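Next up, some structures in structure tokens.
Each of the two complexes below includes chain A, the first together with chain B, the second together with chain C.
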Partner chain A sequence: MKKNNIRFLIVEDDEMIRIIHKDFLEELFPDCKIFEAANAAQGICLYFECRPHLILLDMMMPLMGGETFLDILEEGHRTKILKEKPKIVIVTAIKDVKELMEIGKRFSVEAVISKPLVQSQLKALLEDWIS
Partner chain B sequence: MNAHSTKSILVIEDEPVTRTLYVNYISKLVPDFHLYEADNVLEGACLCFEKHPDLILLDIIMPDYGGELLLDLMEEGISKDILSFSPKIIVISSIESAEELMTLTKKIAVASVIPKPLPFDTLEELIKIHLQMNELIN
Partner chain C sequence: MDNVQYTQMTDYNTSPVFDMDKALNRVHGKQELLARVISIFKKNLQEKKQSIASELTAENWDNLKMISHSLKGSAWTIGAQRLGEIAYAMEKASATEDISSFKHLLTILEESIDDINTYFEHHNY
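Our next item is the complex of A and B:
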């Protein structure tokens, strides 16, 4: 992935955390575009409208959680309606190891990071993918 | 509306026989329309966002995720001004409680609610009204 014009989507209900993610990404990639969603429903709509390369996804959110987001993209991929494969980083407060492992196996999920987010972990991942 | 002048309709229904019935009916009614089919609402949502159909026939009661999922997606997408398109959704529902039907009718994206089994005459009229096909009404 090239760092010019890279598009990020942040799906997270907590506005403070969204701002922290956003500031962090903007500092790392000044030319990036960032889209924000407060739940998975907004996230899905933004996904299809803006085609982000990379998604930071929270799992537990009101109205619609991250699980549904993954279910929709997975079905889109299975039925070949969806052509591209974004990179998804799950940022979650879930502590159950089995549950975390299941999430890690889902379509397009490249990494699962626990909350509160350690920015150096995310930075290391992003720098690996984006040049 | 569609980028091309051809209109399109998406049918989301889990029951294959019923779905075929709807599709056959619609393709006879409006032969030059694009028709898309989905057997679950997850696939339906992907087709909806990818193909921007003008009209969607949506079954409400389906296994796993029900039709409400698409209504929730559209409601957020439309009310938050995220979506660049806004299909008319005709909800097909065998729900019998008046309260549930009213809740469905109030959803932003829902253009009409019709009962199941489907009255085809009503469907024909609704398709023409929602797609403003005046020439076909007369």
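Our next item is the complex of A and C:
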């Protein structure tokens, strides 16, 4: 993935956390484009509209949660409707280890990071993926 | 006779009301950004408090769990450690539908919200 024109999608219901994620990404990648969704339904619409390279996804959100978002994208890949496979990083306040492990095993998930987000962890991942 | 041992406000006193260093670190030392996120946090806190009260009346445990979970995440993100821990206990009480513990925790939460609002006022946020 190239630094220039990289597209991020933030799917997170908490406006405050979206702002903090956005500021963090803009600091790291000043030329990036960032799209924001407040729930998974909006996230899916934006996904098809902006085709992000990387997605920061919250799991527990009102109306439609992260699990449904993953279900839809995985179904898209299974049926070959979706060609690209964006890197999805789950950022969640879920503390149950079993639940976190189940999420981490999913086909579409690259990494699971606990809230509050340790920005150095995410930075290390992104720098590994994006040159 | 009621032998249930509830947590008390004093059980949460070891956690800071607000960890300013953590909050500033989160926003890379940008004071304007911190003021903006605190303003959103305060607004959301009031909305969540009201939502908890109405969902509790309806005993809607799924929503109570969701709101507590969301409050925990945002509180810990911004450095409101004590509120985050109380919200975490509320999330667990919602999962087991423990109404007496939840109501007790709600009174502690309300007290803690007053404390953090006082902190923000003293620091001109």
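Everything that follows uses one rule, which is that the second predicted complex is superposed on the first by the 131 of 131 C-alpha atoms of A that agree within 3 Å, B and C clash if a C-alpha of one lies under 4 Å from a C-alpha of the other, contacts with A are read in each partner's own complex, and residues count from 1 in each chain.
To be clear about the criterion, a contact is a pair of C-beta atoms (placed from the backbone, for glycine too) under 8 Å apart; a residue touches a chain by one contact, two chains touch by 3 or more.
Everything quoted here is computed from the prediction, not taken from an experiment.
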Partners on chain A (chain B, chain C) - clash or fit: fit
Touching partner for A:E127 - first (chain B), second (chain C), both, neither: neither
First (chain B), second (chain C), both or neither touched by A:E26: neither
Partner chain in contact with A:E99 - chain B first, chain C second, else both or neither: neither
Which of chain B and chain C A:E49 touches, first, second, both or neither: first
Chain B versus chain C as contact partner of A:M60, first or second or both or neither: second
Where chain B and chain C come nearest after superposition, their Cα distance in Å: 18
Residues of chain A that lie at the interface with chain B and also at the interface with chain C: none
For the chain B and chain A complex, residues of the former touching the latter: 40, 42-43, 45-47, 49-50, 65, 69, 72-73, 75-77, 80, 82-84
Residues of chain C defined as touching chain A within the complex: 26-28, 30, 33, 36-37, 40-41, 44, 66, 69-70, 72-74, 76-78, 88
In the complex with chain C, residue positions of chain A that touch it: 13-17, 19-20, 23-24, 27, 58, 60, 62, 92-95, 115-117, 119
Interfacial residue positions of chain A with respect to chain B in the complex: 39, 41-42, 44-49, 63-64, 68, 71-72, 74-76, 79, 81-82
